[in-house]
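Next come the structures, one after another.
Here chain A shows up in two complexes: once beside chain B, once beside chain C.
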Partner chain A sequence: MPDYTSKIHEAARRLLAEKQVDGVIGFRKGTVPMMRQPVLIRDPADVETLCWDSFCRMNLANYLPKRADRVAVTAKGCDTRNIVVHIVEGQVKRDQIVVLGIPCLGMVDRRKVLSLLKDREPVEVSEAEDKILVKGSGFEIALEKAQVLQDNCTICVHRNPVICDTLLADPVPEQEGIDRYEDVRAVEAMGPEERWEHFRELVAPCIRCYACRNACPLCYCPTCFVDESKPQWLGKSIDPPDTLTFHMLRAFHCAGRCTDCGACEQACPMGIKVRQFTKKLEKDILELYGQEAGMTIEVRPPLDVYRPEDPQGFIQ
Partner chain B sequence: MEDNGNRVTEATWEPKIVAFLCTWCTYNAADLAGVTRLQYPPNLRVIRIPCTGRMSAKFVLDALRHGADGVWISGCHPGDCHYLEGNYYARRKFALLKNLLEHVGIEPGRVQFSWISSSESTKFADVAGRVTESVRALGPARHLLKKEPEVA
Partner chain C sequence: MSSYRVYGPVRKGEQVLFARIEDGTDLDLAYQNSLLSPKGLFLPQSEKMFECSLDPARDDRNIFKEIPKDDTPRVIVGIRPCDARALTLVDVNFDTTTYRDPWWTKAREITTLVGLGCDAPCSTCFCTAVGGGPFDETGLDVLLIDGGDAFVAKALTEKGRKLLESAQALETAAPEIMEKARAVAEQATARIITSVHTSVDTSGLAKMENAALYEAGFWEDVQFACINCGTCTFLCPTCWCFDIQDETCAKNAVRMRNWDSCMFPLFTLHASGHNPRGKKVQRVRQRFMHKLKYYVDKYGRGVACVGCGRCVQHCPVNIDIRRVVQLMNETAS
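Up next, the complex of A and B:
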């Protein structure tokens, strides 16, 4: 991976010094290995705290809706698509944002690293080339980065920013010959009962903490449907009908807007593969309406437009 | 499941179908079907909506969670919408919703859609019959039924 950190410093320092932006949204090192904290820098003196590596998994587009100031934001391919979604949905104006585009080679799934360590505690994790180096008390191992990539990164086909003001490195080659929907098709091949069991088990560990919703840049409604009380659309408990209703409606609200950035799945404290819901919708929209979310500012979202000849074989 | 104080058995079970009907077309078709004395099954609970564009996935799930065995949504034919394009937008939402519900294991046929204009009272009676029979064939809906009390 190119040295993005110094390029981010350089760009952030320049933008703040020239007063082109009021702040820069990026990442700084966290207190736990493999965790990076989102941070808003306003003072050029603080620029050095910014960093970039394969653990900057959060989607910073989450911090853009309804902003009044002008900010620069570091953004991977998927993050830039979410910025496009925000612009298209009128949540933020294009000229309010300076996108520092980062061609991305995939983010590391912290959980995958931890599972490979087999209960050993990592103290320091760094990366070099295609390796992730993990140090702990009495052990030191190097993992292949490809082995511990986030699930959505392994099937990513838009690694390069779709919009940006400053591209921080040369574009990376896009992955070719990727089957994005293998897992969705595997579920589709099952019978209704089997599918029901599959999803019931999938969401069974859910504790309804809404971390998936909070991590998602698409979830900016002033009042979320889960918090509505008159009428109350679903109970607050972890009763299976409630949990499943929540996950279905959450995914449905993201239909045609989800860029498969994987923030929801990474945020889930129970490790639930919540992308199984959003990916089905993503696949259907691509097949039925030929659209992918957030690819360009020129196109309205798929559920905001129609064609008279849209498929309607299911309607009597 | 209590019904009129009598215990519902497998033999006496009747499907409950929540029908969301557009006020500008299917709702009138239902009215016309009544005026013309057409026979159709009494299993529908009609909810009048201003347009199929007003339908939300929440309504469908809410019906299924509170004991509906089937949901039927019916509106104006494409091109006939009172608001010009409400049913076109609705059509995209319905396609995705139907696929998503079936993807998570709700049986195909639990949620059905149709376009019925105000004058198509015979089509209304036909479709009402078909929807009722297909839901009857599926049996009572269990998956999303909320059995525990709602907690605020």
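Up next, the complex of A and C:
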């Protein structure tokens, strides 16, 4: 991976010094291995704390709506697509954001690394080329990065920023010949009962903490439907129908808007594969409308416009 | 032992969670830390308290009646000392001279806690910095220490003695196993003290001025990354807040309580529409101030944190309570 960190420092220092922005949103090193924390830097003296590596999992587009100031933001391919979604949906103004674009080679799934360690605790994790180096008490191993990438990153076809003010490195080659929907087709092939069971089991561990929703840049509603209290739309317990309703409705609300950034799965403390819901809708939108979310600010999302040629097979 | 319902740590896929043990083979006593704390066995995430009929034909319609619960004796085997200590910190909320929560106190009463000393604490553990320790006996009825070939069980209360007497196949520990167990305990305690104790100092919190901490500038920095999910509060063994809800289905109604979280905007939303903690920074501050200052001041028994490190491990944006303690200390000095 190119040395993005020093490029970010350089850009951030310049933007703050020239007063082009009020702050820079990026990541800083976390307090435990493989964790990086979203941070807002306002003082040029703090620029050095910014960093970039394969552990910058969260989607920083999530921190942009409802801001009154002008900020720069470090953004990988999927993050930039979510910035486009924000612009198209009127959540941020293009001239309010300086995008520091990061061609991305995929993010490391912390859970996958921990799983491979089989209860041995990592004390220090670093990366070199395509290897992830893990050190712990009495052991030191190198993992192939490809082996521990986030699921969504392994099938990503938009690693390069789609919108950008400063590109921090040369574009990376996009992955070719990727089958993005193998898992979705497996679910589609199931009978209704089997599918119902699949989704029931999928969300069974859910504790309704809403980390998936809150990590998602799309979920900026002032009041989420699960939080409506006058009237209340959804039960608050962990009764399976309520939990499943939350996940299904949230997914439908993301139809045609989701960029498959994977923040939801990375945030989930229970390790639920919540992308199973959103990916099906992503596939449907692609097949029905030929559109992928957040690719350009020129095009409205497919579900908020009507065109005579829209597929209408459902009206029968 | 057969007269007890047995609960303990069970591995489910990648995670360890507390669950009912049926035949003993699923009990995982080699685990480090469970994903969810065992508080759910005392304060379930969704607990049905009352039910009633809505059937107009019935005389007892609309009258809530308590739902009977299984209150036969149970034992939790393999609870970590931090999680047991957490129960005693929560007792001050649910079991007071003026108010006794019937479900919490009943669950506490029927439960015998068999603790498992921690001989390999995680790097995120800081129990020794908040008044506990990997072999702390607070709240436990029995403490198990791994003596190599066998566990040494130490009865700590009458409940614990009763349990051990009822268990078969127990022998008096040989002196060399006792010695080994003692060495294990000392080493683990030393390890955790040297790794964390210097960086997490909660001793000065009681003397700090409330207003100065409340107004401190560092909250802006701490709160920025927070996504206001409920991970920290739901995983925390000392977060006790709940929300009471009535639900109806056909001609039946149930009154239940569900875990709630001060991270959620709805938590403090008034019927008027006003929200006294409408901003994220207020909610983040509340969580830490409650744990590290308000609880300290109100009960005079230290912080409402046992140093289990779950929030540190699982916060999706790495908000670290140890760092917050440090920032509080810096503000005061």
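The definition used in the following text is that the second predicted complex is superposed on the first by the 316 of 316 C-alpha atoms of A that agree within 3 Å, B and C clash if a C-alpha of one lies under 4 Å from a C-alpha of the other, contacts with A are read in each partner's own complex, and residues count from 1 in each chain.
Just so we're on the same page, contacts are C-beta pairs under 8 Å (C-beta built on N, C-alpha and C of every residue); 3 or more make two chains touch, one makes a residue touch a chain.
Everything numeric in this text was worked out from a predicted model, so none of it was measured.
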First (chain B), second (chain C), both or neither touched by A:37: second
First (chain B), second (chain C), both or neither touched by A:312: first
Chain B versus chain C as contact partner of A:235, first or second or both or neither: both
Partner chain(s) touched by A:227 [first = chain B, second = chain C, both, neither]: second
Interface residues of chain A shared between complexes with chain B and chain C: 229, 235-237, 239
Residues of chain C touching chain A in the complex: 12-15, 30, 32, 35-36, 45-46, 122-124, 221, 224-225, 227-231, 234-235, 243, 245, 247, 256, 258-259, 261, 264-266, 269, 312-314, 316-320, 322-323
Contacting residues of chain A [partner chain B, same complex]: 187-188, 192-200, 225, 229, 231-237, 239, 241-242, 244-245, 248-249, 251-252, 255, 277, 280-281, 284-285, 288-289, 302-304, 306, 308, 310-312, 314-316
Chain A residues touching chain C - in the complex, by the definition given at the top: 30-32, 35-40, 58, 62-63, 111, 114-115, 119, 121, 123, 205, 207-211, 213-215, 227, 229, 235-239, 266-267, 269-271
For the chain B and chain A complex, residues of the former touching the latter: 57-58, 61-62, 65, 78-79, 85, 88-89, 91-108, 112-115, 127, 130, 143-148, 150-152
